[in-house]
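Letters A, B, C and D mark the chains in the order given here, with residues in each chain numbered from 1 onward.
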């Protein structure tokens, strides 16, 4: 299989390059009868759009989604939903210098080695612009999840070494706090310090890494297909498929390496006639199957590789060492814009497994 | 798709329960003409077998693999390779108490909720015994990789909070050091302290978590299919699909959250007429495509959930709180036995992408 | 994807060569809670077994199926069902002459060109023995269909140019008639003449082709996934994937080429408050989706290619023209044994789409 | 998997409804470095366009393809190729009567039963307009095949009971003859009589069925993946997935039912140092694998279901019997327009298996 599709029953295929004519996504497998409008998609794309804050680049992307198929009289028909976003404001000339000079930390060199040629303008296919299609499909997934009482929320929990404190609150309140600052960090004090730090590194022509946490609430028990398509395995793939993500954690995550079994295990107990758990080190998943507890994922996002500082590279045409300074408007940190994208990917995985779950019994 | 298959071109399907008649794997997509014997498989299965050390359970599993198809006169024929391992020494009666009492930290409750019934004996399908099939298929993958000059090695780098020091050495020497102690830690001093720690927690009826590192060397540039089947995304899925793994890191991993772009980026440079990198924070993967540098993954492995200590649980039949003490011989730490299994999964992903890579150009 | 798997949600993977150690199948995706025993499988395998009649070879194949996984206390568990049949009575030496002389009408030459090597004994992977795995999986599919009120029946409708008359009867009676003679033709007079014809060609060292019809009754409307995984498209693939099948027809089939729209269209009408059709030229499928009418397929089965008559071929080693006379016990006609195999394939397609259908609405 | 995708390595996903905003296709898996322009696509779409002849509807479809991604400086980049065709000239109001009256021989009733709602305008997703995406992707497949010396040609061999005589000629000449008349029949005398017949049934408000033959020449031996993804099985699925196709034949096809083994088998022989076959009853495929001989397929195409004659149907809203007369401009026969579409599907299957073939050996 070629690699631009994801999901099995709720299946998306993204297409498009940063400086090509458009980017888009085809979503096949959304059940019929779901109410869906362009506004449902647009509001998620607007969250992804850059130029909203000091944390993100100022390139103006209109990003108006057009739904081209699959909807009739306001409802999904069960046929493929094709969504398209035209590319605008693409100043390709500024990328000419990059044709032969792969940017450190970017996909340039790897694409060149794989395909023998590449669209070097704005990173081509490897550009973060590809995620617009993911977010559009994720908006449909969220609509589907909402129908089944499932909600997903992501937020920045670390930036430039500054960690936020996250109290357990309801997701609506959490979301409100998250959207209250441009860092998308629910802890206002931490957000303030992160912004200061960001301003500093931007002036130095450098960038910062961070952590994003994603929570899904209301997920019924039973989602996930042993033994390879475990829910955590599919989440790991979905999240690691995002550029800049270098680690994925579920529940206790990397912390489990230092724990004992008696600490790590979440004991079961009856809670008002229903089965519950004392704690959630499992992150809502046991044996690859959801337990009904919150699904909790965390991802490590590397610092933006496009930095203004002078860096070593090579010249592919000349076969010589070279230097590179990356001009232009680039986010000095990726995590704030990663928030809606990570939510989208988690929503897509959950929508897929909600449908797959229908097959497990007679 | 049901969930017991993995890979696209080099594709495995495992089957079998812990206390069923047998476990096995069907590998479809191995190219014809590869020399392969049962010994190639058996030697990897022997590394996985428990009862080798203080770190692992003493249950005697003969684990003799039988190749039932796909080989003719010592070579693969391009047709499916079916491999089977009979189950023996299965004392199912001791599991009777577990039928209605889900073990904390195990898949028991989740399977019950998903399927409405389950084979509770020894964890059934969710047992680590399922990985025998993965290791068998991984042995074929390793043979294929070897043909193309690629080798894979895993080892324990942390156990019970004790970290090992790993000098960069050639993989043959590393492997020798790894197999020199039952912890499979290449640092003999650390291994010694880990063993002491293990003896301690075993006496307390408890268990330890740890970290395993996997390195692949000789991987040509160009492996990985953007944008979803990135090499790191497929590795993340493969490794997270192993029971007990709660985090997957690539290259700098979670550490990248605290780094700056100027630290994280690996500059390119000419090295004797060829293109190389100064550093490998990328872990050998950029934009989801291999760069030719070492592929470096790390996984966090939770402490063995089967502990002798008394734990809270519920009784599914009675709908009441209950207690559970898990008898029997269980590894007090999983990482040493995870080593050959993690190697197998990485080898399978690489074999798959080596074949997929053949499609990228005319 | 390698080619030994079929189906999407109800997914089978067959493995094994004619003269290898065993043949088998792994079925993944059968829902939990289905009552299933080895007898359910065995009775279908017994129908497939040769040596039952003048129409089939006398090689004694015990064909005892062993279910190795996926069943617990008499019910499916939702995990993969692995089924195995050991090979016996394999006289490989008699095939030595065929190593370098591809048999006309067989896969020998094509396999050699594809893989560079092949297991030539008994046709290796291309042997009809592979269909034992299909029949085993088909038996599970039939059990599942039965649960939903769907039944499948196949029968021979033409052999050596002799056509049977098939009155519309209930499927139970039809099945009884079919099993009443070794030709598996529900028309006793035609069956008699077919047998005489068969005896004749056998004496001449030759073979006969024929037609098999497959009917599925009780199929609910709505099965089939536009636009590529249409129910008829998947049936066509399933049936054409059987060796010796050279044509697949649905409903009016090839006859539609000579019809007018006013003849071909099946008008709709109310029948006791429900919607029905006047006629079934559509064969129960419109736009690739089942209508609730009988699914009707027909396949053309070529004459057995293994004939005793002297034939031209080439010697692969010598690169010269050569001759071949195929010894041994071979069916002089394939259709009677095709009956249970074709039923199995249709049952598998329907089981798959019964599950897929669960996804089409909210 | 939802059903709007086809192919494994060369994989297409079509989307769009007849009276929606656009139709299109995403092709993922085309290797990099293939020269490709919009003109390559447009010339195939122009062959598909209606309004070219008395045999086809006069609706004016501009059908200008736009390539939105995957091409850089005139060459494929290995990334998804998204192609879009805007819908125009869609007079939806004329379909209002059809909302509750399913047209006999159409998908209307089946879609309604499957999804609970449907876009009834112009057949919605089940419209032949969907095949524009197939033809666009098929044009890329043809370009790829051409690179490897493979060509595909289709033509009408029967219409309204009139059969054409087809001499074996080179494909370029055949194609010239085919495009010389609006029936796309290479036999000018037969074409003349077919046209007369067509005029007649059109006046009667009726329609005709026919047969289309597809030949692929230059196909190397070794294409096709046993045992389910046989080349003939994939061709059967591809062709049966076209609306109106009710039968698929390979080589001798349905005629094999009346043949003897000694007639059917194609003996092998040496031809100037190379291996060849005496005859091609196999249609270029043995054991599901190409032999190097011409691939020969035939499809039976039912008469256009949209006829002006009064037909019985039901009213879905009223639950009563009803009548229907289908107005508008409809082709009185589908085969002429099926020619480029059938070519496209065969080209896509061959392109897919050309890539898959790269995996069969070390």
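What to note about this one:
In this section, contacts are C-beta pairs under 8 Å (C-beta built on N, C-alpha and C of every residue); 3 or more make two chains touch, one makes a residue touch a chain.
This structure is a prediction, so every number in the text was calculated from the model and none was measured.
Any chain bridging chain B and chain C, meaning touching each of them, is among A, D; the list is complete. When chain centres are defined as mean Cα coordinates, A lies farthest from chain C.
Remark: chain A and chain D have CA centroids separated by 39 Å (rounded to whole angstrom). One finds 46 Å separating the Cα centroids of chain A and chain C.
Per-chain Cα centroids separate chain C from chain D by 26 Å.
In chain C, the residues that touch at least two other chains are 1-5, 8-9, 14, 29, 32-33, 78-79, 114-116, 125, 226, 359-361. Chain contact summary for the complex, chain A toward chain B: residues 1-6, 8, 14, 102, 104-111, 113-116, 125-126, 130, 158, 160-161, 201, 206-211, 221-230, 232-241, 243, 246-270, 273, 275, 278, 281-283, 285-292, 300-307, 309, 311-314, 316, 319-321, 357, 359-361.
Listing the residues of chain B that touch chain C in their complex gives 1-5, 8-9, 11, 13-17, 20-24, 26, 28-29, 32-33, 66-70, 72-73, 75, 77-82, 84, 114-119, 124-125. Here chain D touches chain B in the complex through residues 1, 9, 29, 31-34, 78-79, 147, 226, 355, 358-362, going by the rule given at the top.
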